[in-house]
C-alpha cells in the first residue's frame, strides 16, 4: 500500500526536479563572442554563480523536504496547502536567479541581491511553518518526537541565516554572496561528515 | 502491488508539477530598468498577479485531482481520455497567463481577462465530466459513495464561479481579478480550517 | 516490492509529461496586436492546431505505452535502449510542432507538414520495434499472449496511418491535417466506446 | 513499504527526464528560410548533432544510474549530496549543447567542443565518486559485491573516454565528434547484444 504522503512527495519531487533543471535555461549562449568564445563564456560568470548557488539551495531544500517527509506520516488539507506555499517559493527561484545573473557586477546589483536573498528568507519561513504545523498537529511519526525537536531547532536557523545574507547585501554584495556560498557548502557537507564519524 | 490508477496519478502529477513550475518562465527579467531596477520590478506587477493566480489555481486543481483519485479505484480507457482532456486544460494555463500578464492594465485587458477565465471555466467543466463519469461507471471506492455525492456538489460549483469571474471581466477586469483572488484564498483555506475544527 | 519495470515507467512518464507540457511554450503571446488582441489571437490558429494535434498524439502514445507496460513484466538492457529510442521520438515532437505552427498557411507549409508527419511515422516504427522485441524475448506476461497478438496487429497500423498522412501532405496539407485530426479523435474515442459496450 | 532509496531515484529520474526533454528547446525553428524551409532545416545540422549526442549521453547516464541504484540499497546524507553533484552535471548539459550547436562549423568550434566534452568528463568523475562511495560505505546489496567490482572497472572507463574526446577536439573537432558518436552507439548497443548472447 502506498503511504498517505506518497503523492505529496511525488508531486513535490516533481516541482523540485523541474525548478532545479529549469535554472540552466537562464544561462544563455553568449550572443556576440568578442575576443573569442572563451572570453565571452568567462564574462558570463554572474550567470554561473547564480546557477550554482540556486542549484545548491534548491538541492538543500529538497534534502530537507525529503528528511521532513521521512518523519511526516499523515497528511491533511492544511498540510497540502502549506506544502504548496513552500513549493510556490521553490518555483519562484529561477526568476530572482535570472535577475541576479543579469545585474551582478552592474550598478543595480544591490537590489538584485536583496531580491535574491529575500526569496530564500521567505522559503525558509515557509519551511518552518510547514514543519511546525506537522509537529503541532501530530502528523509525524510518534516515535520520532525527539529528532523532530532537533530538526525544529535546525530549521529555525535557516531564515535567520538568509536574513543575515540579505542584510549583508546592503553593505557588500560580494560579501553577501561569499556568505551564501559558505552556507551552501556548510549545509551540504556537515551531515555527511557527521555520518562518517558516527 | 501498485494500484490500478497509480500510473495515471504519476503522469498527472508530472503534468501538474511541470505546468505549475513553467509559469515562472513567463515572468521576465525587466529589460531596460529605467528609474532603477526596483521600480522596473514593481512595474511588472501584472506578471506577478498572473503568476500567483495561476499557481494558486493549478495548485487547487492538483489538490482536487489528488482527492478525486483517493476515491477512484479502477480505471478504463475512457477515464484515461477524460483525464487527458483535463490535463490538456492544465497544460494550456501558462498561455492565457502570459497573455494576461502582457495586457493587464493595458487597453486590451478585457479580452485577456476573458480568455484567462474561459480557460478555467473549461477546466472546471472537464473536472466535472471526469468525476461524474467515474461515479456513474462505479470506478470509485463503493464505501465512499456518500462523500462522492458531496464532492459532486462541490465540483459543480467550480465552473459556475469561474463563469461569474468571466462575466464580471466584461464589467470590470479589476473586480474580476479581485474575485479570482478571493476564490483562490477561499478554496485554499476552508478545508484546512474545517479539518482543524473537526 | 517495486516491479522490475517501474523505474522505466516512471522515467518514461516523466518524459511524456514534460514533452506534452512543453508544447504550450511554442504558443506565443501575439507581439503586435493589430486590429485588437482578439483578432491577433485568432490569427494564431496554426499554433493552436499544432498544439492540439501534438498534445493528442503524445497523449495517445502515453496511453499506448501505459497499456504496453501493463503487459511487459521483465526488462533488459536492450529494452531500455529501445524505450530510449522511442522517448527520443517523443521529446523531438515540440520541434516539428513549432515548425508547423510557424509555416502552416504559408508557402512552405508542405515541407513543414511532411516533417511533422515523418516524426510520427518514425515514432510509430519505434513503438512497433519495442513491442515486437518484448514479445519475441518473452518479456511480457505469459498469460497475456493472446491480447499481445492483437496489440501487435493494432500497433502495426500506426506508422501506416501516419505514412498516409505524410503522403497526403504532398497533395494537400489541409486534407492531411484533417486526416490527422480524424485519427486523433478515432484513437481517443473507440476504446472508451468499446469498453462501454462490453 | 517503499525502499530507502526510492525517493532519490524518483527525484533523479525527474531531473534526468527533464534535462533530456529540455534539449529540444535549443533546436530553434529556422528564422529566415532563405532557399526554402527544407534547405534552412538542413543547414541546422549542428543543432541536430548536439541534440542527438546529448540525448544519447543523458540516456546512457540514466541507464547507468538505474543500474547503480538496483544495487544501492541504503542511503545517507553524503550519498544524497554526491547524487546532487551528479545531477548538477546532468542539468548543465543543455548549456554546452547549445554552445556547441551555435558554434559547430564556425571558427570557435574548438572551444565549444572542449567545453562540451569537459562537461561529460566531470559528470563521469562524479559518477565514479558516487559509486565508489556507495561501495566503500557498504550501501550496496552485500550479495552484489562481485558485479559491483565489475561495474567499478566499467565506470572508471567513462571519464577516460570522454577525456580522449576532449583531447581529440584540440586536433580535430570532427574526429572528436565522430568518436563521441561511436561511444554513444557502443554504450547503447553492447549490453543488449551481450544479454542476447547469454
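We just call them A, B, C and D in the order they show up, numbering each chain from 1.
Note that in this section contacts are C-beta pairs under 8 Å (C-beta built on N, C-alpha and C of every residue); 3 or more make two chains touch, one makes a residue touch a chain.
All values derive from a computational prediction rather than experimental measurement.
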Inset, instruction - Same or different, please, for the chain C to chain D contact, judged on whether over half of the interface numbers appear on both copies. - result: different
Legend entry - Chain at maximum distance from chain A, centres defined as averaged CA atoms: C
Inset, instruction - To the nearest 5 degrees, please report the angle of the rotation taking chain A's Cα atoms onto chain D. - result: 90
Inset, instruction - Just give me the whole-number Å value for how far the CA centre of chain A lies from that of chain B. - result: 26
Legend entry - Gap in Å, rounded to a whole number, between the CA centres of chain D and chain B: 36
Inset, instruction - Check each residue of chain B and list the ones that touch at least two other chains. - result: 10, 14, 17-18, 22, 25
Legend entry - chain C-facing residues of chain D, complex: 3, 6, 9-10, 13-14, 16-18, 20-25, 27, 29, 33, 36-38, 41, 52, 55, 59, 62-63, 66, 188-189, 191-196
Inset, instruction - Quick one: which bits of chain D touch chain A in the complex? Just the residue numbers, please. - result: 2, 7-8, 10-11, 14-15, 17-19, 22, 25, 76-78, 80-81, 84, 87-88, 91-92, 94-95, 98-99, 102-103, 108, 111-112, 115
